[in-house]
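Going by the order they are written in, the chains are A, B and C; count residues from 1 in each one.
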Amino acid sequence: MNYDLLRLTAGAVVTIGLYTVLFRENKFYRFCEHMFLGLASGWTMVALWTETLQTNWWEKMIGTDRAPGAWAYALLLPIGLMAYLVFSKKHNWISRIPIGIILGLWSGQQIQVWFNTYGPQISASMKPILPTTWESFIVPSATGLSPEATAAIRQNVYPSQAITNFLFVLTLLCVLSYFLFSFDVKNRVLKNATTLGRYLLMIGFGAIFGSTVMMRFTLLIDRMYFLWWEWLREAVFNIR
Amino acid sequence: MELLAQANFWLEPAGSPALYTKLIFALLVGFGVIGLLMVAPPAARRPVVAFATFLAGLYWVMLYLWPVPIAREPGQLPRDGVESVGFFLKDINSDVVSFTVILTSFMLGLGIYSLMRIHVGRIRRHHEDAFFSWVLIVSLLLMVGFGYADWSSRLGERSALLELRDNWGFVNYARDFLFEGLLQQMDAAMFSIIAFFIMSAAYRAFRVRSVEATILLATALIVILSLMGAVAFEWDEGVARMANGNPLLLNLQLTEISQWLRNTFQTSSLRGIAFGVGIGALAMGLRIWLSLERTGGSA
Amino acid sequence: MSIGERLQSIPRWGVYLMLILVTSVPLFLPIRVPNKPVESTIDLYAALMELPTDKPVLIASDWTKSTRGESQGQFNSIMRILMRRGINVVFYSTGDPQAPRVYQDSMRVLNEERAVAGEPPYERWNNWVSVGFFAGSEAATNGIANDLRGAFRGRKDFAPGRGLIDVFESPVMRGITKVQDFPVLLVITGSKTSNITVERVSGKTPLAFAVTGVMTPETQVFYQSKQIVGFAGGLKGLYDLETLMEVGINTDNPNTVKSEKYGSIPGFPGQKNDGQGTRYYPTLHFAMALMILMVVLGNVGLLLTKSKGRR
């Protein structure tokens, strides 16, 4: 039997098997689900060894004909095995040590992460909200203009840009006030800002929803293409 | 440069008795520490965990805050204590990263061990779902077997030849069948199932009952329309014909409206969310690092 | 049952069946959708076309076939651009243990495509090298940002006829000592590893992303603050890339994409530029239209039910 036909047919069968859950849970779905878990876990084991541990730990520890062995790497085995004591009723607290190390390593990076991520964003949010020129309400087109004329346009802030920038800054501050002032505020300005922030937050959520819909439908379209086109049309009926 | 590569105490020639001696010594020390921890008094538990957490986080905090060398010449020595610390922090960076990656790999194995434990337990107890547990374990063993065999087959001189399918043997085909033919297809199917749930949920629950829901729905609609290139094209063409070159009216094109909404409201509101979440993450990070966070249950 | 209640009570199996139909039937119709690429993808394409050809590019390929619908097409388009320009590539992954196998298999398929087109294959070791998977994305990315040689130390890849050899011996890695030596770090991902990369590598080397639809709004925030030079978001971003590969920017092609920011940047006319984006994008319209229809039906049903209740 043609290998590609076998492979694609197997893929189609398990795809349909997983889709049967849309109607109701059934044994075929559970079979596919357990096979999926088994294969994924098995591959994780292979990849962890071949991609990471074999070169990054084992060979560094025992050395090769080109490099000496760094014996201190052996200490990582007992530390890693401490995590497996989570199954012990008496000694499960020891598993918190490697977890604590990983969490500590993560949390220690957060200061750097915060400034790397939000520093440029804070700068980029400082937008001019007052126009510098009233020559034109909207930004003139730079098409066909000389570089000097283009630069002159870019260095101005036109009224439409100022309004846009003001709305940007207002949205940012209102959304921030909604997050930061989660306690009951008495001040009317803050109260209104928090309420406005909640409404403006919905714009961000609406954008996330729209993009998520695009992504999930694309994944479904891809599965339909696999079933109808790659498997049925090309592999089974050999129509290319 | 890797600190462990510099000092001879930490390195021994591969296969040498000295290396094996030190390896055994390290393992004995490590397991000895576990033994000590097993008999440690309960009062010592929290400080031990807190100390390990603090020490781990201290490295990255110091690397960020301490002056570290930027343009260091090979063989350059530190001039004073501050530079000594800076050089040290920079030198052990790759070791810290290696340790983290290796430790994380061991802990990923914990999830797999837990899975095996549950399903082997079901088989031994003759659970009614033992058949599915067998399916899981057999799939896992097949993938481990053929995955490792496929990788091994590429270790030798045939590695370049095996880039072409014509040169594959049985183990290569078997690995490809399990990975590409089954695992990847099921992975894709699992993710795509969510599309059905999104559609069903949107139909049943997405109702204009409040101001917030209306804004969310309106924004989602504009985003969805702007992602539909055909709709955007027709809309823009219609506006272009109507505007007749008027730059103000050309701003009514769907692509311009969606871009303006995206750059003005969407980016700023998401940035506000990100700032809020970021402040929370920073606070949480500091609390974890300093062991101020009580995660439930005591050490 | 009133009309309003009927509109809100379409059975689940009916909704699912309609969705299957609208995502299947259009795949067989020869529809071509006009397209206007967005600024972020134009910037990504321009960045890829302006890369120097004598330096390798670092790619974090963190996707698997779970997001094949978008990520596979993005990977293929980006690799086609780099291959056609003769730019070498260094791959690594921090997102998923399956990812290295996926990108290696994808490179094999792309090489089969090149063989059919009569082009020389992109050889492993000589043109591209795989550094492998790093468990712990945060630490690994930090290591790459601070000490690339240290992070990649001990990593091996398959050299032709020699088995596993240290990656730094590959011709691809010649002259590379730190992440700043790469002209760009590209992240092709189906998860949040793009965010992790910005958090740790930002400012050291230019960053460019190809992300799935769900990450597009977040990535837009980074793009707006110029932390990344450009990105392709979701299927729309992929279709934009394929369009740009076909018609270029400010070229003589009548359908060329116009941009005031750039001069003339060519496409690859006469070569295979169509891919998943071109195949799936028309079908996406029907699926989105069904979504809009279902939401409208539900709300109209609610309005009718409410107005009937008031009467």
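Throughout what follows, a contact is a pair of C-beta atoms (placed from the backbone, for glycine too) under 8 Å apart; a residue touches a chain by one contact, two chains touch by 3 or more.
Not measured: the values here are computed from a predicted model.
Contacts between chains leave no pair untouched here, as each chain touches all the others.
Taking the CA centroid of subunit A as reference, the farthest chain centroid is that of C. Remark: subunit A and subunit B have CA centroids separated by 9 Å (rounded to whole angstrom). One finds 18 Å separating the Cα centroids of subunit B and subunit C.
Remark: subunit A and subunit C have CA centroids separated by 13 Å (rounded to whole angstrom). Residue positions of subunit C touching 2 or more other chains: 16, 19, 66-69, 97-98, 101, 134-136, 139, 142, 164, 217, 221, 224, 234, 236, 284, 287-288, 291. Within subunit B, the positions touching two or more other chains are listed as 60, 63, 96, 98, 100-105, 108, 176, 179-180, 183-185, 187-188, 190-192, 195-196, 202, 217, 221, 224, 227, 262-263, 266-267, 270-271, 274.
The multi-chain contact residues of subunit A, meaning those touching 2 or more other chains, are 22, 40, 43-44, 47-48, 52, 56, 60, 67, 102, 105-106, 109, 112-113, 117, 121, 125, 141, 204, 207-208, 211-214, 216-217, 219-220, 222-223.
Contact residues on subunit A toward subunit C in their complex (touch as defined above): 22-23, 40, 43-44, 47-48, 51-52, 55-56, 59-60, 66-67, 102, 105-106, 109, 112-113, 116-117, 120-121, 123-125, 141-143, 204, 207-208, 211-225, 228-229. Subunit C contributes residues 13, 16, 19-20, 23-24, 27-28, 66-70, 97-98, 100-101, 132-136, 138-139, 142, 154-156, 164, 166, 195, 198-200, 202-203, 212-214, 216-217, 221-222, 224-227, 233-236, 260, 276, 279-280, 283-284, 287-288, 291 to its touches with subunit A in the complex.
Interface residues of subunit C facing subunit B in the complex, by the touch rule stated above, are 8, 10, 12, 15-16, 19, 33-36, 38-39, 64-69, 97-98, 101-102, 105, 108, 111, 123-125, 134-136, 139-140, 142-143, 146-147, 149-151, 153, 158-164, 217-218, 220-221, 224, 234, 236, 239, 281-282, 284-285, 287-292, 294-295, 297-299, 302.
Across the complex, subunit B meets subunit C through its residues 1-2, 60, 63, 90, 93-98, 100-105, 108, 154-157, 159-160, 163-165, 176, 179-180, 183-185, 187-188, 190-192, 195-196, 199-200, 202-204, 206-209, 217, 221, 224, 227-233, 236, 255, 259, 262-263, 266-267, 270-271, 274.
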